[in-house]
Amino acid sequence: MSLAVEITDTFEELRDTVARLHSELTRYELVIWTAGNVSARVPGHDLMVIKPSGVSYDELSADTMVVTDLYGEVVHGDLAPSSDTAAHAYVYRHMPEVGGVVHTHSTYATAWAAVGEPIPCVLTMIADEFGGEIPVGPFAMIGDDSIGRGIVETLRSSRSPAVLMRNHGPFTVGRTARDAVKAAVMVEDVAKTVHIASALGRPEPLSDQDVDRLYARYQNVYGQQGEK
Amino acid sequence: MSLAVEITDTFEELRDTVARLHSELTRYELVIWTAGNVSARVPGHDLMVIKPSGVSYDELSADTMVVTDLYGEVVHGDLAPSSDTAAHAYVYRHMPEVGGVVHTHSTYATAWAAVGEPIPCVLTMIADEFGGEIPVGPFAMIGDDSIGRGIVETLRSSRSPAVLMRNHGPFTVGRTARDAVKAAVMVEDVAKTVHIASALGRPEPLSDQDVDRLYARYQNVYGQQGEK
Amino acid sequence: MSLAVEITDTFEELRDTVARLHSELTRYELVIWTAGNVSARVPGHDLMVIKPSGVSYDELSADTMVVTDLYGEVVHGDLAPSSDTAAHAYVYRHMPEVGGVVHTHSTYATAWAAVGEPIPCVLTMIADEFGGEIPVGPFAMIGDDSIGRGIVETLRSSRSPAVLMRNHGPFTVGRTARDAVKAAVMVEDVAKTVHIASALGRPEPLSDQDVDRLYARYQNVYGQQGEK
Amino acid sequence: MSLAVEITDTFEELRDTVARLHSELTRYELVIWTAGNVSARVPGHDLMVIKPSGVSYDELSADTMVVTDLYGEVVHGDLAPSSDTAAHAYVYRHMPEVGGVVHTHSTYATAWAAVGEPIPCVLTMIADEFGGEIPVGPFAMIGDDSIGRGIVETLRSSRSPAVLMRNHGPFTVGRTARDAVKAAVMVEDVAKTVHIASALGRPEPLSDQDVDRLYARYQNVYGQQGEK
């Protein structure tokens, strides 16, 4: 495949980061076989780094990562990019604030997606990270812009960095690829907890006011200053 | 046990492959103790390579694998073959396109088998890999051709590479042993997701048309060209 | 503590075996912290080897194992034996065919014990290993012979090597400690599968005739000849 | 940050202990990402050692631990302390017998917290460790003394070392940080078991008399003498 861009140190580092972030998907058991992917926008270029299609997580390295433009055309790399590339690319084209996208079929988040129910905001952790309920996106076929459009339209009407695509699975976004991975880990965690809570009884949603206060604090105060 | 076949490099490699594939069963927690097995057809011979009976996964190696003919008679190896050998052999005799067979008692797939319910096609991942609902096979006693016949008859009326044998557990097939292992991993994954979705509400099945389009794309486009 | 018995090679090996078998309890996540124990009868002596009380699994070794008589009195070892020693000892005194005993609080088996429901024989794996439903034993206080008596009385009226002690958890027995550990692994596995099946629908029990045939075959044919 | 206290060997050891204890939270999968924390009171000082905020578990070491006074003001360490520091500090100020505090969002305990239901005492393990049902604390906003006050008021009217803070998650206490970690491990374990039991049927609570006897025995007899 033609080398349409010069691979600088920054590229090299980003390809390594994206390759390594996939190990968080396996660590938290969000993916099986090859069914999930991480991408990152290349800062300052209309390009992204994404997982190759159908390659197992054990075999990923910086070298196997694929670089595409924001229409999914490969500009660097020997392998075909993830079959979800069009969806990632659409998100980067339409959400300039997004620097990373993650897609998994993680069990509990996908179960909520299968029944088309948003995850209600019944936990402080949901208010902290998602700022309200976690929304459901439309059913969309793979292969054109439908999935990307469904993700963007749903996320625009929410503070949540996660959307549950109906009958399919979660997509998450973040300022960086690492933030998007964190959201993928947390959406599965709260999807499981609220599923179990729903089997035990009726969890009471937090008030809008409490959600707003928790969200504001977590986004501004949590973690080490200047690194969030 | 008499050495009825010459063990060539190809054999050696296949025995190693089959031994190693068992580690995917433990990695994804599809098996406990010694309760699951992988086999592969030996290309160009009426022979198969299969796990020995009652040997733990930690102790498997190319050397411990058993080679049998397609009636389950041992032609190479010091150990007795899996007690499921007759079922594997029947599948190879009657499905020439099959190069690998896997049997597990993985928890969620076995639960669907226990209630005799097919797993409905409510997820894009099910359409992709299984091409429709995952069917239930008959209850059959171990020890003769009953299980093999039940597997073959059920798979013939379906595009699914997995069958849920009633009150028993899943059997999966593939073009290669690796493909059959992938199907075993995925049947458990979707069995779990759909179980949880069913507890949350009523997941809506995909339309036949959407299933057909997803299945065709996945079988033809996914992964790296020429290696699927 | 006084050295009341001479520690021969056989002892040494058995203490090592019992120490190592605890790693199967952690591998299959049957225990947390220090809450589960394995013991073995010392062949040819009225003695048993058992886990010390409150010692974490990472710290177990042949040296930390405790040897007691069949009334739970320590005859070798520097540590206090498991607080379940009286129950293990009672089983060895009253079931001469038993060479190993295991106790855990594994999640799903304990859940069945909490509701006092036997696990119905709805899977071929249950017929194979347990020969019928897995019975519930009485609620019994720790500290005297009550638990041991409850175990023995329940197991005597069943072919099952496992009993679910009410509001407490499973105890399993075997010809060897390894067999008892296998039963502990399998009772948790089938407890989980049948729980999930029960949430999906009504799993149909196998007929008594099928159970008898499966049990006979598994006990006599499965595994490598002469080592079962 | 100013070095307001001299770091002696005892401090060093305690910081190491607290750092290492976090690996029990990941081992038992009680936490994801950075969402849980352990602290320990510094014996003989009005100080505590606690996890830094937003730092991942792989990167924790004695050096990264933060020392604060019992109002949460940092006296040693380069990083900001956990955002839950105020709650830990409040507990140490008001419960002089407590030497360690743990907070997680572990799945099953948090699910009970989400529905505001105490975990009933239906297992001998619950009687042993918690001395009765595991109580629910009030919903409280993070950032001031509300959470700490809710924890202390709830624990004072119970023998349980664990409280399920409503819509939030479990906090546990202990004589040492290790004891508090043990309680965090056990509350999740019994939360899961009782959830599953409740799906199977109606688990019967133990009588108050049996609970008292089990609790007394476990607190006084279990483990190795003098080290409990």
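A, B, C and D label the chains in the order they appear, each numbered from 1.
Note that contacts are C-beta pairs under 8 Å (C-beta built on N, C-alpha and C of every residue); 3 or more make two chains touch, one makes a residue touch a chain.
Everything quoted here is computed from the prediction, not taken from an experiment.
Enquirer: What are the mutual neighbours of chain B and chain C in this structure?
Expert: Common contact partners of chain B and chain C, which must touch each of the two, are absent.
Enquirer: Trace the shortest chain of touching neighbours from chain B to chain D and give its length in steps.
Expert: The least step count works out to 2.
Enquirer: Given that chain A is a copy of chain D, what angle of rotation, in degrees and a multiple of 5, matches their CA positions?
Expert: 90
Enquirer: At the place where copies chain A and chain B touch, is the share of residue numbers found on both sides over half (same) or under half (different)?
Expert: Chain A and chain B contact each other through largely non-matching residue numbers.
Enquirer: Just give me the whole-number Å value for how far the CA centre of chain C lies from that of chain D.
Expert: Those two chain centres are 32 Å apart.
Enquirer: Just the number, please: Cα centre separation of chain A and chain C in whole Å.
Expert: From the centre of chain A to the centre of chain C is 45 Å.
Enquirer: What are the residues of chain B that contact at least two other chains?
Expert: 199
Enquirer: Applying that definition of touch, give me each pair of chains that meets it.
Expert: A-B, A-D, B-C, C-D
Enquirer: With touch defined as at the start, can you tell me which chain C residues reach chain B in the complex?
Expert: Residues of chain C touching chain B: 28, 122-125, 182, 185-186, 189, 192-194, 196-197, 199-204, 206, 210, 213-214, 217, 221-225, 227-228.
Enquirer: Help me check something: in the complex, which residues belonging to chain B touch chain C?
Expert: So the residues of chain B touching chain C come out as 32-35, 52-55, 79-80, 83, 105, 107-108, 110-112, 114-117, 139, 141-143, 167-169, 195, 198-199.
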